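In the two complexes that follow, chain A is the common piece, with chain B as its partner first and chain C second.
Up next is the complex of A and B:
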């Protein structure tokens, strides 16, 4: 017969499962990462839409995950649906945009808190449309001048640990200190350009080198006049906010004046209604300046469509039917560049293209008689008009290019010296030169 | 396959052939395809403008002025937009100049800092790299520096391309042409893949549907 357990034995037996659980779980708790030095601050140089949480984390490994949570009406809502691995979380040292190049505690981790996510139940309308509609996560972005209570959640080995980071008010800044270099460069370049504009006003004969394609503009328009055929200009597919479109419209003025002088016909099919309106104004002014306002035909500068390939189909059709003797393809182009230039080539027109769309330049170079490459397009309007404003800008930009070259040279030298100063290792130089000696 | 799908396939295939007929020469069928394409795209574009721009940015805020008085600010751009429409009235066409002055001036002002921070400075920092630590890295960096230097010289407009400047500029244009050659090949490959897609549609979807093998 089995002897019944005594009272102390029963206590030991009862505690045994708890002891076993404790022993098994102990390593997991012992290896839990620990967050410390939590600091919640307003994100600098922003519109008040985010906070920064910095913290130290010890004892983590590749499986450790973290996320921030924001308290909303007494409930903690996560900033991310799923916590992220700690490895890609940036450090203070790797975030100079927030902490400068020499941050204190550079190894501290940084999390941006700019939203929280709540699960929105489907509305009655959504349920009526789809009875199987499920709740969807909806991000809510932080707003300026609000105070938010934030905590850090660390997930490791299936165990979640929470660390209160306190509360902080989001603040909106009017000046972005991180972009001061941008401001300094703007001011310096603007001063240089304005200086040259004043110089160009005193002396409009500032030297600009010959641009090959532009020499052919008059020749192309003259040929169109002799053949009794129109001149066609396409101002690209971008809106007026693009520099190349502005340059194209500038050149259009010059082309229109020459066309008016020669009593030829100018066609400008437009992709953008605003570009069309400005083109009409520019051409009208050019005809006025040429003393031929009667020859201006507003209906020749028209909107086609703002859908890329239907625009191409239409312009190609115009090229085939009207057979313009000179095509000016100036501005920003996309995949339609080759279609337009190839069709123009088959009609035998003189073609002068100009764009700063790098991917399209090769197509223009292969199919057009002359191509203005990149900045030549901007320079062209100054070259043609001799306007002091444009001439001065061009000269100022040349100074800017010289400055860039100097910066690259100095930067390369200093970066190379910097590698030596930070690593103190010039062995690579010795090793590299050894086979040569 | 449903009747609707079959009609859609034949329409798409027919229009593809009509547009491709331009390769031979301009013809009435192409003109029909061109005008159809143009009309459909204009109608489609108008719907996109209305539902993506006009309704959410102009009409809806006006409807909600009573809920939020800040919505009244939308009247400013609406009036500026109406000024542009007034171009059709010759005596009031001058009003559109206010809208265009604001539009062009605003964009030009926004473009300058954006180009400096988004294009100029990133390109500058990407070009500046330390030399080393081995010969291939040095050669790569020197090739890059020489290319940048010569290309920038090519785009100097204050100097005539003669003598040393001309020679440096010539090296610059060689660099540019190498880049364009690579870009040309890359883009042609992309265009050929577009053509392959269309031919696959014609052979597989369209002809395949007739022979029972297509999708």
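Up next is the complex of A and C:
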């Protein structure tokens, strides 16, 4: 007859399965990563819409995932639907915009906490439209001047571990300290340029190097006049908020005045209606100042379309039918640059192009007679007008460029020396000159 | 009157220019909201109004061509007719035979016109680029001078280096292939020139911004010097 188990034996038997589970699960728990040094801070230089969580994590591998969670009304809501891999999470050393160039504990990881996600049930209207509507995740962004309680979740081998990071109040700033170097450089350049503009008032005889493309403007308009053909100007495809478009419209004013003086015809098909409106006003005033308001024809400065290749088709059609003797392709261009310039080339027109779209420059250089490269486009208005104050700003700009070149040279030398110096003490100058934002 | 035409635009340009410049350094929420209001709402309203002007301008231009029977006025008839059809189809919810009774949604007549007329025409114009690149490259690569020859050689190396075959074309006795030489050309001389131009452009943009802010450059307002 089998002896009945005693009370202590029954307790051991009952705990045996738990013990077995514990033994089997022990390796998994033993390998769990451990987070420490958790610190929750306000994100600097922002509008108070985020916190930063920094932490040390040991024992992780490529499969380890992390995410932050925010406590809302006693419930922990995740910042991300799915935890992210730890490997791409930046370190403090790799985030100088938050921690400067010499962060303490540079290997600590940094997570930005700027939202939490809650699952929103479908509304009555949504259910009426679609009875199968399911709850949807909705992000809620953190707000300034609120205190948030945050924790870190570490997921490894299917096991979740939680670490409380404490609470922190979000705070908005009124000055972006990380952009101080930018502000200082901006003020220095502005002072240099304004200084030269003032100097140009006293001494208007400033030397500006010859720019062949701009010297050819008169020649091109004169040729068009002799041939009895119109002059065509395209102001690029960008809106008026782009500086190269403003530069192109400035040149249009100069070109229009010469066209008015020579009694030629000017065609300006526009891609943007705002640019068209401004172009009409600029050309109208140019004709007025040239004493030829009667020669101004508003229907020649017109809106075509705001679709890229439809616009190209239209302008190429004008080139083929009207055969303008001079084409000015100025402003910002995209893939249409070569289509326009190559069509103009086949019609035998003198072509002067100017753009700061670096990818399009080779196409213009290949197909146009003259190309204004980058800064020459911006210098054109001053160059054509010979206005001393505008020329003064060009001089100031050149000095600024010389200053930047000197800084680049100095920075290159110091960075090179810094590579060979184990202390790296020279890096401070390089870091000072490197914009953070 | 002179103040409204000449000074007031300069004052407005100065105030808004300085405000937007300062906004870059102010990260607060009020600052960001002000920028969104300006670039979002105001810009959309302005663009909407300008679009009406643009459409009227295009109609005026083509109508004038047709009325005066200028060269190529037939194209203007086609343009205005197509414009009228698309507006009619897109604006009025007419039940077109074989299409959904909606204006511009999927399955509408408007949608059919967009997919079967506009998209192929657009793609045709874009595809012309391949032929234009070939003819432009032919002219650029004619070895008439030292510079053109250097361009020809560099262009051939980069073209070969960007295709899988380039990896197989190597200089014997070295680990240099067309791909690595092309990479060096793109990353060093090309990038140096690229950045040089970019530096000039950025400084020029600072200068032209200052000229506009302080009213020194007023041509864009139609005011001349």
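Just so we're on the same page, the second predicted complex is superposed on the first by the 389 of 437 C-alpha atoms of A that agree within 3 Å, B and C clash if a C-alpha of one lies under 4 Å from a C-alpha of the other, contacts with A are read in each partner's own complex, and residues count from 1 in each chain.
Please note the rule applied: a residue touches a chain if its C-beta (ideal position, glycine included) is under 8 Å from a C-beta of that chain, and two chains touch if they have at least 3 such contacts.
Please read these numbers as outputs of a predicted model, since none were measured by experiment.
Engineer: Quick one: classify A:358 as touching chain B (first), chain C (second), both or neither.
Structural biologist: Both partners, chain B and chain C.
Engineer: Going by the contact rule set out at the top, does A:181 touch chain B (first), chain C (second), both, or neither?
Structural biologist: First partner only, chain B.
Engineer: Figure out whether A:208 sits in contact with chain B (first) or chain C (second), or with both, or with neither.
Structural biologist: Only chain B is touched by A:208; chain C is not.
Engineer: Could you tell me if A:284 is touching chain B, chain C, both of them or neither one (first, second, both, neither)?
Structural biologist: A:284 contacts chain C only, not chain B.
Engineer: Counting only touches as set out at the top, which of chain B and chain C does A:246 meet: first, second, both, neither?
Structural biologist: both
Engineer: Please determine whether it is chain B or chain C that touches the greater number of chain A residues.
Structural biologist: Residues of chain A touched, chain B against chain C: more for C.
Engineer: In the superposed arrangement, which partner chain does A:163 touch: chain B (first), chain C (second), both, or neither?
Structural biologist: Once the two structures are laid over each other on A, A:163 reaches no partner at all.
Engineer: Is A:419 in contact with chain B, with chain C, with both, or with neither (first, second, both, neither)?
Structural biologist: In the superposed model, A:419 contacts chain B only, not chain C.
Engineer: Scan A:411 for contacts with chain B and chain C and give back first, second, both or neither.
Structural biologist: first
Engineer: Can A:76 be said to touch chain B (first), chain C (second), both, or neither?
Structural biologist: Neither chain B nor chain C is touched by A:76.
Engineer: Across the two complexes, find the residues of chain A that touch chain B and also touch chain C.
Structural biologist: 179, 182-183, 186, 240-241, 243, 246, 274, 277-278, 281, 304-307, 309-310, 313, 317, 321, 335, 338, 358, 361-363, 365-366, 373-375, 379, 394, 401, 404-405
Engineer: Which stretch or stretches of chain A touch chain B in the complex?
Structural biologist: Touch residues, chain A against chain B: 179, 181-183, 185-186, 207-211, 240-241, 243, 246, 274, 277-278, 281, 304-307, 309-311, 313-314, 316-317, 320-321, 335, 338, 358-359, 361-363, 365-366, 373-376, 379, 383, 394-395, 398, 401, 404-405, 407-409, 411-412, 415-416, 418-419, 428-429, 432.
Engineer: Mind pulling up the chain C residues that touch chain A in the complex?
Structural biologist: Going by the criterion above, the answer is residues 24-29, 31-32, 43, 46-47, 50-51, 53-55, 57-58, 60-61, 64, 71-72, 75, 118, 121-122, 125-126, 128-129, 132-133, 135-137, 139-140, 194, 197-201, 203-212, 214, 216-217, 219-225.
Engineer: Give the list of chain A residues in touch with chain C in this complex.
Structural biologist: 45-49, 144, 172-176, 179, 182-183, 186, 189-190, 193-194, 197, 239-241, 243, 246-247, 249-250, 253-254, 257, 270, 272-274, 276-278, 280-282, 284-286, 289, 298-310, 312-313, 317, 321-322, 335, 338-339, 342, 356, 358, 361-363, 365-367, 373-375, 377-379, 381-382, 385, 387, 389-390, 393-394, 396-397, 400-401, 404-405
Engineer: Quick check: in the complex, which residue numbers of chain B touch chain A?
Structural biologist: 19, 22, 25-26, 30-31, 33-34, 37-38, 40-42, 44-45, 84, 87, 96, 100, 103-104, 107-108, 110-113, 116-117, 120-121, 124, 127-135, 138, 141, 145, 148-149, 152, 155-161, 176, 179-181, 183-184, 187, 191
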